[in-house]
């Protein structure tokens, strides 16, 4: 996988003669870590929404559950869970808690479909979001979030074999591990990249296995025509609930990774409904109903945001223009005393959302298969397409799947 | 029905009229020419052709699921045919919007009535009156024809009995100033006594408009109609004058039972 | 956040003397809860009406509705700030407000119509999820555009627009006393304007032929089409009307210190609007008005409880979402919804 070589490639590229250009367009390794864990969350969102057609608009609640489980455990606030519980076990625990929550929410919500399902899951997640925001048990200022205390959990969260210190490496930019393997020296960020990447990869393959199993075929059948799937004899309610629980598990793992890497979380970046909105955005751009699509969508999203970031850290448009355009151009006045440089700063930097929004609208209208789905479509169908085709030919009803009929 | 007799075997797709034909005397009010319609990927109509002359009552009969309702929907462009033509007074309707088709004088009295259940009886009539026409006169005419509706004029249509809803649906078709009424299964689910009332209403309606009637109740269909077409598996398999056949005709009944 | 901001306003006046639950049953407490609840209900009805009309007729759950409200707040604020000077008298300010209301309604309607024709129309044949996706995308674009413009003019996009708030005539900022009952001027203004808007839309729906067409089209668009009515054109009109109503709501919120014109106003209004519309039964106007009353009063009551009895700032907001969840569990079609719509 090309992603495995990314940190090395980035180092090489940035130090090459064309370094400035690379700094401008390539995401930093830190950004790539975000891509990985948020990509995992987006994949889990797509797992339920894209494959069964049930839009889980409250999916952030599972991301938040994962993140807060890790933080609370490390701060000794999770009953029966010692503060030094291995991180990998915490991730599993977070996933299981999310499964319980998903079963509770799902058993009520799956009586509804379409817009109503989206709304009831949104309702549940907002109740919990609002609650966590004011829950002073988690920390003294719950609204601003909570961080891992260095008193109860001074060491970094380790990804590796539980209880065997030699087989684990610490996450985190500040107190994570560095690694020297022969000629390769890896910084803390690079180590974190590989550790998060490892977990994400395992989760990806697990989800991919499920999608390709008979279970996954039933999920697609539900999306294409639930009534027929039921008529053929599948207990679709049970399939939907299990799929929902599975997606919640991986969403929580993603949240746990986020918390483990950053050591601090807030309700607005975990439980809030716009977090689900971001997952939706990247899923559409990457390819709704394609498992890897949301990961590519996240990559695209983060890359674009970094390119137009206000701070200009890790390259970006304005720093590049500043160092490469003659001063005269940058200071040329376009309108009413505003220079080119100021215009870029005002209208482009920090406003990636605008262009992503336009892109999103265009994708919904013209490329409903997303980046990956469209590429796949060009190259020929996959398993899910054949399932869809079989379902279509099996009966007379109109299929509702329409656009998103690609596999991962 | 002896298929060698007066009924023409219509599988060949009627006499296909040349494209150059324009509206003139002798042009049928409605000519459906070899239409193919689909629901999704399902091919429902596989080349239906039929004609309705001005002033006629024509019955379209056949089993459930052979495409009778789809034929009406295809005429109205609710389910636009992918192939073939629907000529109304010589003009091809295919590709037009349903509202334009309706404004051209084609009314629909659909299966299951489809009255607006949250609207009052009077509002149901009101909305069917074309813009610019006299609403009060239309209401008065409806109440005269259907006194039962006047009694319930302020009630929500959803609260009416099945028979009353059918009357309302017919009334809606009448006030629409239509030249052609497409009537779908008017007797379905109604008690025999009510069916007689409905039959009377349709027969009254046929004084003012041409009627294409879909009906499974064979005696009723033959009683009301001048001519008939039999539809099976998405195509016309027989047609003829209703005077030449009886409801006991085995050949005809064969097409109506599963 | 709106609810919290108003909680804060409440708290500053009331936490000095903590009360007990029993104090709820006094004329002062009940009347203040009722008035506060009615004014909230008026706002909720205003922000939800357009949403419900649009969903009722065309089945589109418009995620951009909050952004249109936010846009209305800024445009309304712009009208006020431009036309009102420090010397403008209170009644002249009120007159300018109503001029602004007309302007905002017109501009937002035009925008709504354009959005329907240009972007939403191609999606009617796709599964309903695509309309959610599209309008969600529109939200991203509108919010970011407004943010750019607001920043460009040196305003703060996160907190409410103070200059616009400052154009409010004084008698709306104060309160009147009637015996033991104290009425905030702004509450009264909101109740009046909300009632007026509800009445106007109600009259439109029941007293005009166009309203009749909208109601018929909401129930059975195909049948309406078959009666010779071009329902697609009605879609455009209703989308424009819904967007216009969102703008009117925004204009009013621009003057309300608990809300104010700000970019986050988009999500702050969108979520309660969803709650109200779903509780009422998606697409039923009557249900939306009743639901706005229920949610408004519940909001005001829990607000009072938070200030006086329970120390949990998010209690009102949480209650609002809990009502939504409970409603969807026990009666998914909403108060006045029809049973069969539970599916889609």
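Brief remarks on what is shown
Should a chain be cited, it is by its letter among A, B and C, assigned in written order, with residues numbered from 1 in that chain.
By definition in this document, contacts are C-beta pairs under 8 Å (C-beta built on N, C-alpha and C of every residue); 3 or more make two chains touch, one makes a residue touch a chain.
Here is each chain with its UniProt name: C = Branched-chain amino acid ABC transporter permease.
Since this is a predicted model, take the numbers as computed values, not measurements.
Looking at contact counts per chain pair, the maximum sits at A-C.
In terms of Cα centroid distance from the overall Cα mean, chain C ranks first. Taking the mean Cα position of each chain as its centre, B sits at the greatest distance from chain C.
Between chain A and chain C, the centres computed from C-alpha atoms are 32 Å apart. Put simply, the C-alpha centre of chain A and that of chain B have 55 angstrom between them.
Distance between chain centres (mean CA atoms), chain B to chain C: 46 Å. For chain C in complex with chain B, the touching residues are 209, 212-213, 215-216, 219-220, 222-232. Interface residues of chain A facing chain C in the complex, by the touch rule stated above, are 53, 55, 108-109, 111-116, 118-120, 122-124, 126-127, 130-131, 133-134, 273-274, 277, 280-281, 284, 346-347, 351, 353-354, 356-358, 360-361, 364-365, 368, 400-403.
Chain B meets chain C in the complex at residues 76, 78, 97-100, 102-103, 108, 110, 114, 116-119, 123, 126-128, 130-131, 172, 176. Interface of chain C with chain A (complex): residues 61, 119, 122-123, 126-130, 132-134, 136-141, 143-145, 147-148, 151-152, 267, 271, 274-275, 278, 282, 312-314, 317-318, 321-322, 324-325, 328-329, 332, 342-344.
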